[in-house]
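Labels run A, B, C, D, E and F following the written order; every chain starts at residue 1.
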Amino acid sequence: MFKHEKKLLHEVKVDRPNPTYAVLLQEQLGGPNGELKAALQYISQSFRIKDKAIKDLFLDIAAEELSHMEMVATMINLLNGHDVDAARVQSGVIEQHTLGGLSPMLVNSSGAPWSANYVNVTGDLPADLLSNIAAEQRAKVVYEYLYRQIEDRGVQETIDFLLNREEAHNALFREALNKVGVQGSNRDFGVDEDARLYFDLSTPERYFDNPAPTPTTFSNPRRSQYNPDHTH
Amino acid sequence: MFKHEKKLLHEVKVDRPNPTYAVLLQEQLGGPNGELKAALQYISQSFRIKDKAIKDLFLDIAAEELSHMEMVATMINLLNGHDVDAARVQSGVIEQHTLGGLSPMLVNSSGAPWSANYVNVTGDLPADLLSNIAAEQRAKVVYEYLYRQIEDRGVQETIDFLLNREEAHNALFREALNKVGVQGSNRDFGVDEDARLYFDLSTPERYFDNPAPTPTTFSNPRRSQYNPDHTH
Amino acid sequence: MFKHEKKLLHEVKVDRPNPTYAVLLQEQLGGPNGELKAALQYISQSFRIKDKAIKDLFLDIAAEELSHMEMVATMINLLNGHDVDAARVQSGVIEQHTLGGLSPMLVNSSGAPWSANYVNVTGDLPADLLSNIAAEQRAKVVYEYLYRQIEDRGVQETIDFLLNREEAHNALFREALNKVGVQGSNRDFGVDEDARLYFDLSTPERYFDNPAPTPTTFSNPRRSQYNPDHTH
Amino acid sequence: MFKHEKKLLHEVKVDRPNPTYAVLLQEQLGGPNGELKAALQYISQSFRIKDKAIKDLFLDIAAEELSHMEMVATMINLLNGHDVDAARVQSGVIEQHTLGGLSPMLVNSSGAPWSANYVNVTGDLPADLLSNIAAEQRAKVVYEYLYRQIEDRGVQETIDFLLNREEAHNALFREALNKVGVQGSNRDFGVDEDARLYFDLSTPERYFDNPAPTPTTFSNPRRSQYNPDHTH
Amino acid sequence: MFKHEKKLLHEVKVDRPNPTYAVLLQEQLGGPNGELKAALQYISQSFRIKDKAIKDLFLDIAAEELSHMEMVATMINLLNGHDVDAARVQSGVIEQHTLGGLSPMLVNSSGAPWSANYVNVTGDLPADLLSNIAAEQRAKVVYEYLYRQIEDRGVQETIDFLLNREEAHNALFREALNKVGVQGSNRDFGVDEDARLYFDLSTPERYFDNPAPTPTTFSNPRRSQYNPDHTH
Amino acid sequence: MFKHEKKLLHEVKVDRPNPTYAVLLQEQLGGPNGELKAALQYISQSFRIKDKAIKDLFLDIAAEELSHMEMVATMINLLNGHDVDAARVQSGVIEQHTLGGLSPMLVNSSGAPWSANYVNVTGDLPADLLSNIAAEQRAKVVYEYLYRQIEDRGVQETIDFLLNREEAHNALFREALNKVGVQGSNRDFGVDEDARLYFDLSTPERYFDNPAPTPTTFSNPRRSQYNPDHTH
């Protein structure tokens, strides 16, 4: 069962309206690496999971992503200001002024509608966890791009909070992957000869040796295990 | 520049026509974890990459995925048999008998058209590599599901080859991520307090401690570094 | 802020696995009149609403629709049984057996991905309320079609609960529309001559007089005001 | 059978080219509340209707919406001017200058292609009528947004005509819903206890009593029945 | 202005219900080579055409395609029979039994929604005419596939009529292309050296000489100019 | 099997960054008439072709179109410059600055994702060849529109090369159609009376006589057969 509280998960600050930046921010409401995508991916995956710890983790984070979606939408709503007026959008799409009456919309920054094509669900724990780790890393990237293009301090602080939460989720999903161990698609990983070939099909140049695959695990989800020299 | 050779990358075997199974196999031609998606994701990512080793790796694998796509399509073509006749499809969609004249089509096993929404490109190396690792793991999963639902030995052998190649790519992308080190979105990972919180929003139950994130790296892309006890 | 409770909103019963019926039921998980659509439509509309009563109503119902989505997904999960095996699907799409590993997916009963194109948000209260009333009526219709095609008593009882909830929401939205009165798009309704013409463009036959429009209001959202003779 | 007359349904006036505004106006040609959507929704619904009066009404209005589509396209064509030159678009998408050669296109104001996902057809008269009433109200809203953002008198007059026609259709569909009475999804409305519950899932606050639903009917489709005091 | 007549363009015959075949026939209602696509492509192209003869031709054929759409939908409606019952669909999608209440829907035979991506409009007469000629030829192909998979004589006769009409349109568009002569994209065709190269990128084998392009024209749109020996 | 060479098919020149023009050029990377569409259409068609000469032609041109795609992407990459900064886009979409980190993306100039709906495959040689001829003519048109809107000499020269290659492909496909003769959908063309009717449904005006169709063939794919007087 889902419940809603009127209180936001975290304060949202917007110093002044900026309809042009509202268009950029749509990317994290209705885009492929946005908050709705994250929430629905984790909820969808949770539907069939039997492992109680993983199921709980997915739903904890999914509920948080729904709450982030609400924060992003609140920012967009404030940035859109008070009047439909497409002329106030310097670049990017103007559909919020023709269709949505300045409401935050479930579209990306190009106005393309949110699609379940963004959601990856396989019913296989290692694969689903890797999908989530990748999704969180991409979400961080988009927030970094957005952060660089706004000078509004309130917006920057809100984005900064959201960006840091993606890092937290990323680390938790990695820890979970290490925890579930060799099951599902991580079984029988790299046992056949065909998995140890390298086809050098783009010429000239080759830089990597033949692979000798192992199941996917992460070296350092948590700081306590972290050796910075190792990662450079 | 791309070139084509009439010879397939690897022999394709189909013992007998099976239009129903051809529908299942469409998933890896035109689906979200299929060969076309993989090829176009890596090609798209390669367009802006400056690191020569990574760019070469992406294009080596992309060319191989295009060659896999050709193999999957060849299997579908043989499985479809000789006559448009939707009645020979026991379950699943029948559009190959109304629209495509038995040609392999760029649709998934539900007939939904291939969409660039499947492709993840961020221009950030760690994020793009993680997207690729996840994509390869999911592709393995789909081949496992497909393998279980066919008794044709030729098809099984061909699927087995393709499945193993996904493991090889997976390991190479992990090795590459370790190699590129702390750059882009892996920089400043986990330095803020907000990245070390846990919101326990799905109740009851909580199983994970607060995270203390580090940059993403893999413990064991290659067998030589592989300690099986560690991963259980 | 959104929260999740492990307890379902209402008990879900499935007497026995039925992968074919799971495909039909996908319509109310990922289809245009399904639970996800309803939830996201009301959440999206709520983002900009200033009227406190309406905003609360939209969020109460949205959270319930998310909870319905969880119920529908739980039914699908149980109906899908234990093994990927497309041959067990008598008719309809088989992607849950190639891609999703039997997980409930965000697609309709034809496998088309959920799309934000299903969501209507205008930022105008009368229009948004009418969109919701229509959506609830359509959702009831789909549940009626689904009810007729299953003999599993558990599934029937669960569908019956969901169907009745759509009626409740429908009535509440009608009451809300009457309450908000003549504002937004209900202002200046029918004041011009052009609004009182009838173009009889399909020939032969004409059955309606010229209209003389008024703002949209409902005669009887609630039973206490209900005169059954009036509606026949 | 459909026929076309070269004469427009109503005069279209455009005082001067304005490629930027042409982008806004695309919303009503190829958007979710646009003329094509309305036309195809009513035509699709008409295909299975047995009630002669309702079928005629749907086809009268559908033919009018096709004629409105032609008017909107004519406006866009005149607004686009004479030369492909994306630089003349101040904000919004520029695809008419790369792909369409200034032709009106079946896309919305964000350039997203028209999709049958916009069309609601259930084969149930009350549900389909409510879908149409909501669609007409939304179409009016979009025309209001568009009207406010243009100073060209000719365009304003044309939009004003179209806006008033949506009111006329709205009223006619309401009258039709009252006329068809308690059939289809309006049967057995609100008879179960589950339809009389209220789940207060968004906290704090609750503003509405438990519902006691009745079939949907409208109090005042026509002015002759209109009591303005009642609606404030 | 568009008008509708209750009389069908041509009699539609269906000997008996066949819900499975109704799914196949959806391809020509809501598919990429179907009647709706043809109608909307020619209408869209007509919006900007100045040449009166071509504009009239496009609108004559567009109105006919709308009328074909009505005929195809009428067939589907009759084939769908009287009860929602997905079990009566032997193969293919079952959404007409979950969502549409047996109404003909704007989807293809895989249930994918009709999309304006099917429509080609460039604002260039030679390109648009070639798009139409290709569209008509593909439509004929789909009708041939459909014809082979039904034994209902009534349906066969109706399909035969529609198939022949595509040939008529095809010939008329070819005649129109020859008539408009060297304009637009047919100007300066093949004047540069780069247009006379051949890149033999698929090896081994090469079968064609270097091209020496000319503007596109057809040798024989009409039988009076037809020399059957020439085309073998 | 597909292979990649690091060398581009043809030199790409860009005199200076121009993020606004990069948006326009996306049309030929990810749009309906772009290079990816052409490549995938011809590859898809090739999968089932038995005629060796036609299959080789399709794969020669498909490999070239993939190589063109790489050239277009290289131009976009250079035009995008060095910093994510949506404010540098004067008009059009800004998603490359929010999502893609300036990477070329598989979207059109409106940001709509590439879709397999753009691809026409019927398994019928005459129909597929006509689809390709039309596609090449449209691609030329788009390059002409793009050429007119840029003053960068390097970009102009690159576009000019690509435009000329479309003419070459167009001519080769026409020659191939003439070569395959009367087979598939070109058989029995125009033999029935229904194919010789004209429905004059758009009134007033009629300009064309009743058709008397013949199989589609081209009068002059090559210059050696070219009589310029004939085409005016």
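By definition in this document, contacts are C-beta pairs under 8 Å (C-beta built on N, C-alpha and C of every residue); 3 or more make two chains touch, one makes a residue touch a chain.
In this text, all values refer to a predicted model and were calculated from it rather than measured experimentally.
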item	value
Interchain contact steps from chain A to chain C (minimum; 1 if touching)	1
Other chains in touch with both chain B and chain C	A, E
Chain whose mean Cα position lies farthest from chain D	B
Relative to chain C, chain with the most remote C-alpha centre	F
Centre-of-Cα separation between chain F and chain E, whole angstrom	19
Between chain C and chain E, centroid-to-centroid distance (C-alpha), Å	35
Gap in Å, rounded to a whole number, between the CA centres of chain F and chain B	28
Set of chain D residues in contact with two or more other chains	1-6, 9, 32-33, 59-60, 62-63, 67, 90-93, 99, 101, 107, 110-113, 115, 117, 122-124, 141-142, 201-202, 205
Contact pairs between chains, per stated definition	A-B, A-C, A-D, A-F, B-C, B-E, B-F, C-D, C-E, D-E, D-F, E-F
In the complex, chain C residues that touch chain B	1-6, 84-87, 89-95, 97-99, 101, 107, 110-113
Chain C contact footprint on chain A (complex, rising order)	1-9, 30, 36, 40, 43-45, 47-48, 56, 59-60, 62-63, 66-67, 70, 73-74, 76-77, 99-107, 113-117, 119, 121-124
Residues of chain D touching chain C in the complex	9, 32-33, 52-53, 56-57, 59-60, 62-64, 67, 115, 117-118, 120, 122-124, 126-127, 130-131, 133-134, 137-138, 140-142, 144, 160-161, 164-165, 167-172, 174-176, 178, 181-182, 184-186, 189-190, 192-202, 205-208, 211-226, 228, 230-232
List of chain B residues in touch with chain C within their complex	20, 23-24, 27, 31-33, 90-93, 108-112, 141-142, 145-146, 148-149, 201-205
